[in-house]
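Each of the next two complexes has chain A plus one more chain, namely chain B in the first and chain C in the second.
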Partner chain A sequence: MSASGLRSRSGLVKLLPYAFILPPMIYLMVFMFWPLSRQMYMSLTNTRIVNPNRGRFIGLGNYERLIEDPAFYVSLKATLVYTVLTVIIGVALGVVAALAIDRPFKGRAVARAILLFGWAVPGVAASLIWLWMYNERSGVFNRITELLGLGRFSWLTSTDYALGSVLAVTVWQVAPFVMLVVLAALQSVPQEVREAARIDGADGISTFRAVTLPHIRPSIQLAALLVAVWSIRRFDIIYLLTGGGPLGSTSTLVVKLRQTAFEGHELGMASAYGAVGLALALMVAAIHYTAEQRRMKRMSR
Partner chain B sequence: MPALTFNKVSKTFGDHTVINAFNADIHDGEFLVLLGPSGCGKSTLLRMIAGLSDITSGDLLFDGSVANDWEPKKRGVAFVFQTYALYPHMTVRENIAFPLVMDAFRKWYHLPIVNIVARHRLMKRADIAERTLGIARQLELEPLLDRRPASLSGGQRQRVALARALVRNPDLYLLDEPLSNLDAKLRTQMRSEISALHHKVGKTFVYVTHDQVEAMTMATRIIVMNKGIVQQVDTPDEIYDHPANTFVARFVGSPPMNLIPASVSNDALQLSGKLPVDHAAPLPSRRHMTFGVRPEKLTLHPAGEGRLPAQVAVVERLGAETVIGCRLMTGEENNDQRLLEHDLVFVRVSGNPKVRIGELCSLDYQAGDVLWFDIDSGDRIFPGQE
Partner chain C sequence: MMTPRKLAVKALRYTLIGILVVLAGFPVYWMAATALNVNSQLYGTGQVAWPQLQHLPDLVTELDNVPIGRWLFNTLLIASGGTVLSLTLGALAGYALSRFKFHGRGLVGFLLFMTQVVPEALILVPLYAMFITFGLLNSLWGLILANVGFSLPVACFVLKGAMDAVPYEIEESAIIDNCPRFSVLTMIILPLIMPSIAAAAVVSFFAGWNEFLFASTFLMDRTLWPASVGLASFVGQYETPMSAVLGAALVFSTPAIVFFLLIQRKIVAGLTAGAVKG
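== the complex of A and B ==
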């Protein structure tokens, strides 16, 4: 082969990686970054749903209204409480389930399948199942509480219980996922290191702390990040169960966004809600990234 | 200090018997090596001593008391794992101090927050800190104390594992192929360091290896195992000079002992079926057996001078000595079209003699250096004592 042929071939080889990332890049540009920047721009306009292309640029007007609106703080608080509690309870239950199922025992495969069930059911189906169970008149929960002599509860329509009821469904869906991730990590804990801890006189809890927990911590952290981000943007369960009510006690940013856009007809304002949600999710990701970097740095010392 | 006794100890996994009725005594202060090929049950045996594996049947005695169900902690043993099994997220200091911290640990330290404070304070406690530092100094680990295992070399990790074993000053050290993950040069160095360590601490060491060189150089006594059965228990010299059977003869020594099928008819010895040899010493009183002689007991001569005519097939020059693999000339070699060389007879000569592959030569031996083995069972036989 001639020298110029070789050169043009090596030029092609250099271009090849770009050729491979081009299709996903185009896809992301068209379906993600373009709509995202449109939304960001829209949050700076007074676009209304009746005439989406006739919005006027109003600068930070929407955000100013947001800061002065008490309903925004209710929504923000609902989002934060919902997210934090989902992460804490969901991850804790998932880790406990993973630890319980890590040891071989009879019927382990069946137990694992049952525990995974919640994750396998689609969100909408799960919400409908739970909606029936929460039903004030015929739901199974009120049957039980009546049998126990506690009377009936308005699970989804009382400001005291609504968030808790939504949380219960969310945790039921999220914990199996956490379990799966943590279980994978648990099964790669080196057996010899556990045995070394036993020889060194560590009891069960100390072995867990010294060997198992450090090994699965990155996986727990990753699961927590994903659960947090999903909680910030979760729509199906909340909307189907309570629609954001009662009195906004479960109206997270995403639910509020839908309400503002399609009931209040204010697309510009809804976009501002979306921007806040995005900022929140990015903040969580940044925290995870920083923690991960610090851990890597510490481990390599 | 414990003297260990194995009394018909067996281990089975399902239908598979790993160790079958193992009997042995481990004396106080000795360096005992369990030697055998992979999968012969030697690591399982070590794990039984440590209390990491259950004993299926039989008794393991520590100083005369049955210890089958003792927790590892109660046995007072230290274990060095093949993969070192260091705690990856702890510093070298925390790794070494971990057994001491665990000794001083109280149940209520498990409470949240208390745990962090307690561990922090235990690490700083004068006796623990000093002992950790002392051991680290002895093993030249002091500059590495605040590093983590991931940033250490193989040899350094090995020393941290040893330090963690030493720090509690146990009576019994169990080492499971601790050198197999090191490169050849480091292995030689660590071998002498572990030997020196044994002399200094004067405690009992039980060392598992498949490397006969490690066994020969370090052991005061060797147990050779194969397929869960003890083949021979003796000092390295005895095992080398007087192997109990062909397995031991072949496993110990590099190159291994030459084992040549032999037959006797009309009081005349024939090797490899066809080659008559004037043996000039008493022969076993049976027709077929195995003739064994160590490579260094054979001598190399020009063709025609020795009793065994041969042809050079392989020459390995090691500098100080040369190992020459020869084919015995039984009169059938012209039919032999195989590419691979089997049944070579190895001879070890000092220096660097001028021999070429394909050259004709001859070998000779002293009748007193020959060992005889049963052709079927492989057991050693003694001419005149049968």
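== the complex of A and C ==
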């Protein structure tokens, strides 16, 4: 932090920072936190879309319906499975890719650029590409499986494969981001430390575990946090690839929220789904925060 | 000379890189290959696996039937409007956080971090209700206002990081000469951090460029649709040939790919800073 910039000279100067911080904060209050609190309140009302500004307070009625609704558990399970698997697979692949291209080789710049494609392509465009590749009749995947004599698969319309298919697209998007974060950390591992370990007779794997891994662990954790939060937030590719189907197998809380609100017209109920989504996202953030604090404490000891 | 073991490790590493590059690159390659293919082949005899450049004129004719120009124009308006707004507000917040100690500083940091955790869908319904009241539904202005809530904090993180690296001494003499602090920000600090401003601009711009959830909910009028909503309208309809659909998707994706690759490190720094210091 820039300690030198924190000096203040007189009493009037004490008000000065608010001249800078208030406009953006008022903006966020109006367009982010006021809507957010309204959403929380709306989950306690029976608001419907025909008149979204008027709804009657019904207490925990929406949540009672939620607990009794099997579709809620389907959605919760889809969200959890999707998030956990995205984090595990996305982070693992991202770390592997980062380690693979960390050291220079011929064509590294090109390889690095191509590895980032999935991250750079807009979600809607990514959905269109993968929809075409998953196409049951003419998609490239089924052309390959047919060639191999495995027959055709209903990649997006069978409950067995839909979540996995959405997951593949998601991993294609997030693994490059993890790779970038980990690469940045890898490049700050002091080369001398690695050399020293090697001279001391450590082989590649033990050097990695003793020197490299502790150094990049905070970055991996941070990337995992962001990937988890994004998985809970993600709407575009899931909605466009499967629309939450088949049989709700990919209907994460966010997809369910939008459908309950704008197709089912029940804003109160949709808000209850949203509250659960927010609770999940906050839980992930809290876990990250606690782990970060503990690491700081260990480092200062 | 390399030992056999080292050689094996090296071969393994190149194989791994090769596999990863194919997995990551294939979908984009396939988008280009499909866009430049004959439609009868796409559905019938089988798609030719490489882009056929001789079909470029066909693709251009097909794209004439898709209002891609109008969509991209709307996208451009949404993305630029959002960029201007989020940079302005982000610079103010970034300067306050970088240069001042004040009551509520911790709260500000926490709220900025929260914006990166809250799912966009959670404020969808309340914003919808608010926009009905203020006549902002079905308007590009409303959409821009909604988008900036999420891009402003990232712009703030990027700009604050850059301002932290500018020594206080540079602005000190101006402050002693009673130069207004706002002018210090705009005339001394901002010109010094142009690369980071450019990075923050790219991040904000493409947040607006790619955005789909808000745009598909708030804009009913087809003439207002940005490219993300327009392209999504192809899902589940079969009149438009796939080569035109993916051709349009390619046109839409190319600027994003180019700019993301150009400033990848800055984007990552901006996205991760909020979660570290929050």
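The rule we apply is simple: the second predicted complex is superposed on the first by the 292 of 301 C-alpha atoms of A that agree within 3 Å, B and C clash if a C-alpha of one lies under 4 Å from a C-alpha of the other, contacts with A are read in each partner's own complex, and residues count from 1 in each chain.
Here, a contact is a pair of C-beta atoms (placed from the backbone, for glycine too) under 8 Å apart; a residue touches a chain by one contact, two chains touch by 3 or more.
Quantities reported herein were computed from a predicted structural model and do not represent experimental measurements.
With both complexes superposed, C is the one of chain B and chain C in contact with more chain A residues. Within the superposed three-chain model, A:Arg143 lies in touch with chain C and out of touch with chain B [touch as defined at top]. Of the two partner chains, chain C is the only one touched by A:Val121; chain B is not.
Once the two complexes are overlaid on the shared chain, A:Pro190 sits against chain B while remaining clear of chain C.
In the superposed model, A:Asp200 lies in contact with chain B only, and not with chain C. Touch criterion not met for A:Leu85: it reaches neither chain B nor chain C. Of the two partner chains, chain B is the only one touched by A:Ala210; chain C is not. Contact with chain B, but none with chain C, is seen for A:Met299 once the two complexes are overlaid on the shared chain. Across the complex, chain C is touched by residues 1-2, 4-8, 14, 16-21, 23-25, 27-28, 31-36, 38-39, 42, 52-53, 93, 96-97, 100-101, 105, 111, 113-133, 137-138, 140, 143, 172, 175-177, 180-181, 184, 204, 222-223, 225-226, 229, 232-233, 235-236, 240, 254, 257-258, 261-262, 267, 270-271, 274, 277-278, 281-282, 284-285, 288, 292 of chain A. Interface residues of chain B, counted against chain A in their complex, comprise 50, 52, 71-73, 77-79, 81-83, 85-90, 98-99, 102-103, 105, 110, 115, 146-148, 150-151, 164, 168. In the complex of the two chains, the chain A residues touching chain B come out as 190, 192-193, 195-203, 205-206, 209-211, 214-215, 298-301.
Looking at the complex, you find that chain C touches chain A at residues 9, 13-14, 16-17, 20-21, 23-25, 27-28, 30-31, 34, 42-43, 46-47, 89-90, 92-93, 95-102, 104, 108, 111-130, 132-133, 145-146, 148-150, 152-153, 156, 163-164, 167-169, 181-182, 185, 206, 209-210, 212-213, 217, 227-228, 231-232, 234-235, 242, 245-246, 249-250, 252-253, 256-257, 260-261, 264-265, 268-269, 271-272, 275-276.
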